[in-house]
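See below for the structure under consideration.
When the chains are written out, they are named A, B and C in that same order, and each has its own residue count from 1.
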Amino acid sequence: MMLETRDLTVKYDLISALSEVSISAEERTITTIVGSNGAGKTTLLKTISGLIRPASGEIRFLGDRIDTASPSAIVRMGISQVPEGRELFPRISVYDNLMVGAYLRRDKKAIRRDLEQIYQHFPILKDRRRQLARNLSGGEQQMLAFGRALMSDPKLLLLDEPSIGLAPVIEQKIMETISVLAMEHNVGVVLVEQNAALALSVASHGYVLEQGSLVLQGPANELIKDDNVRAAYLGL
Amino acid sequence: MRNIQGIPRLALSAIAGAAVLGMAVTATTETVSAQETLVVGAIQPQAGDCGQWGIPITRGVQIWADQLNAEGGLLAGDGKRYMIELKAYDNVCYIPGEELKAGRRAILDDGIKFMLQTFTPGSRQAIAQMTTDNHVLTTSYGAGYLSGDHPYLLGGITGSPAAYMLIASRALTANPDVKRAAIITADTSFGLAAKAYFEAGIAAHPDQAEIVYNESYSPDATKDMLGLLTPLMASEPDMICQLGFVPAQLAIMIETVEQLGFKGVYCAEGFTMPQILKRVTAEALAGRMYSGYAFEASEPTFSEKGHQLYKTYVEEWGADQWTPYVPIGYAAFGTIEAGIRLSPSIDSEVVMKTLLGTESVDHPIFGPSKWGGEEIYGANNHLLTPLPIYNLGADGNLVLDHVVDHAAWWAANMDVALPILDAGGQVYR
Amino acid sequence: MQIVANIVFLSTFYVSFAVGLALVFGVMRTINFAHGEFYMLGGYSLWLLFGLLSGTMPDGATFIIALVVAAGVVGTLGILVQLSIFHRLREQPFSIFMATLGLSYVLQVVVVKAIGPMGQSVPAVFPGFVFFEGMILPIQRLVVFGFTVVMMGGLYLFLMHTDLGRAVRATAQNRTGAMLQGISMNHIALTTMFVGSALAALSGVLMGSVLIISPFMGGEALWRAFIIIIVGGIGSLSGAVVAAFLFGIIDTLMTTFGAGKFAPMVDAMIMLLVLSFLPSGLLGARE
């Protein structure tokens, strides 16, 4: 098991944002967590990245406890996140944004090679590499956020609502790219989405989170047929 | 009290506040406590750039008190000895509004009855009424502003701004070949006073010299000394009279004009030689620097008692911290000292009346001196002490050049000088 | 033409002093009120080393040593401030304000006690003037100008062309984003405080060679620097440089035409106007 959370509980002040959430994710696999707004999906990813400390429970990555590690150490171990709202660096260039992604790496040759690969995936980023990040369109910014996350050469990629605010055509394109990346780069993906239909269509395993607790889990192709899921999240 | 100097204003306020609490417990209508201690005040800048004047002045006053205390206290006319305790009050940078705040703390909060303040006319006017209402005998190292309505304000010594007039005049008398005078002063209340008095001193030599440059600068402009001095040097002066630069700035000014080829004489209230000699050699400047304020304590011949001040100061603070400003508060308090020695009571009203009623006051540094000031201030409350003027010797020490009899100079040149002082806004009668 | 020279000299002073404060504020979102005293300590480093080394080596060498020593010592002091004040009091801006203001008073008093309240000056290391196109250019000023340009160039190279510098810029723009790239906030804070404090000290050494070194020299400089970084746009180094030149021009012209005493007032009014109509400053981020 690549990533595993066990009975993870997170509290804001005294209110539980997550209660006893246990999930796991494998490499070369897309694992999705669906749920409505405020269900705790973003909190879960922030906790895995070390931005929030859990009140109880544990997180293991490749067998090691990471729930007390610093965000920096977690990135160094190979977990990279494309956060909600992208969190780009607006007033530095596309190239610099990508290179900040490689901040912890010292293997210059490999960095260059990864950069070229990202440019191949997203040629628009190469064309605009000298522009400031804030001058990109929404879809381009999402590509940049991906590219930046990949520049750390991650083993596990956490994606928080990558489709939000994008046109349906671009949404579809992003999801395809995620699938390809998972396979080509040999990474595990944890995909958090409000758009459950879209997420479950690319994922192999899924969890449903409601008000901080897991209510359902299973293979994605089964969840997508589940009546409750169809009623609550797919609008069918 | 010695370590009060240099403590920032907040801390000083806290100390003053604590002092008020202390006073509340022991407050009486008398100034004198049971221990026969006389608390005196000094309103001077205690921090900031102007602290470069205020702190040495305050230290000089502290040494005045220490010297008296070492004798067992000041022997007053009532036959008792009083230990002197000094309290310092910050006026930020001789700003009238701050002078008023400091005066309130000293007079209303701490009940001070004898104190020192600046000669800066605006600052003297700011607290004049308070000194009168509360009978606070207030000396200064010069007159600046005096009034018949405010008999508690004294011009304790010749000092500022009168000295500027006498220095400029002396420099011209001693250097008959000097023809082109430049005046550069700060645009503050004290700077404008200096400007008028320099003009008056030069005007006393109408056949010899003309004023070729006469400008005031904002203290903010001193960051760029060059911008300030290039127009001055363009007027080709052979005498530069200056007031308002802090000691190190004056050193830079002298270095700059020397490098630009100035060969004439300087006149100023004082030269802080340790600073200047780091930049320009004594041989180059010898015989060209005229200064006088109270007395220069580093010079041993004028006053033996005063020279002791220099020795004590240098022992405590180091020779490179010596400035010509140390003796001025010391000398100004000498006038109050003389009054207390004469007065049958140390009540400040009695001391004031005794002092002003004495025709010739025996000042501890300057000796017998007469009151004057009527023509300028409408009141004879300015003690016209003799003004020793100094020049620079080739060995880098200041040497006594001449002692000006202030009263005699004024009698001889009043007709020329008074209209100029009036035009400069310095006549208050 | 002299006015042009004076504007350049004054503006480069403003730049050298303000840029360290702008850097610290931009990255850490806190103000170090002791920044002015760090500048003052730079000035005293020069003065003390002159006293110590004068005669044993060429003055130019002493000058260089002073730059290195001041940057190292004061930069280390910046690190101590980060560890003892900023880190412990993070999320408490008022406590940081009081603590650094207290530190600035303490440093002033320490210098007054140890050295004295009297302003000091250091003899010109490179005396003399160059007369050029009707301008009088003191060589010392030209040297200071040159060093300031080198200092700014070094800062530019650091920020634009090193990984650490890039991380500092990224952190200034988006802390969460930076943390998610594995950038350690503690590491960036220490780096920024070292560099920002060292810049203040370098500015102090450079200006100490042409101005008065006094325990209180930091106060006025700090006030001017606030105006500059507010008008330039908080957190924007290029904005600080533009604003430094703007005020260099205004202050020089006002001094030259005899209105120098109104300069602080005019500068403050410009700041208020900018705050009213361009709240993010001339080149500030408009997020």
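Criterion: contacts are C-beta pairs under 8 Å (C-beta built on N, C-alpha and C of every residue); 3 or more make two chains touch, one makes a residue touch a chain.
Only a predicted model underlies this, so the values are computations on that prediction, with no experimental measurement involved.
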{"item": "Centre-most chain, if every chain is reduced to its averaged C-alpha atoms", "value": "C"}
{"item": "Farthest chain (mean CA position) relative to subunit B", "value": "A"}
{"item": "Chains linked by the largest number of contacting C-beta pairs", "value": "B-C"}
{"item": "Intercentroid distance (Cα basis), subunit C paired with subunit B, Å", "value": "36"}
{"item": "Distance between the centres, which are taken as Cα means, of subunit B and subunit A, whole angstrom", "value": "75"}
{"item": "Centroid spacing, where centroids are CA-atom means, of subunit A and subunit C in whole angstrom", "value": "42"}
{"item": "Contacting residues of subunit C [partner subunit B, same complex]", "value": "2-3, 6, 9-10, 13, 105, 108-109, 112-113, 116-124, 127-129, 136, 138, 141, 211-217, 219-220, 251-252, 255-256, 258-261, 263-264"}
{"item": "Interfacial residue positions of subunit C with respect to subunit A in the complex", "value": "163, 166-167, 169-170, 173-174, 176-184, 187, 285, 287"}
{"item": "Complex contacts: residues of subunit A adjacent to subunit C", "value": "49, 51, 70-72, 74-76, 80-81, 83, 86-92, 96-97, 99-101, 103-104, 148, 152"}
{"item": "Subunit B residues within the subunit C interface of the complex", "value": "5-8, 10-11, 47-49, 51-52, 55-56, 187, 215, 217-221, 223-224, 226-228, 230, 246-249, 251-252, 255-256, 259-260, 272, 275, 278-279, 317-318, 320-321, 323"}
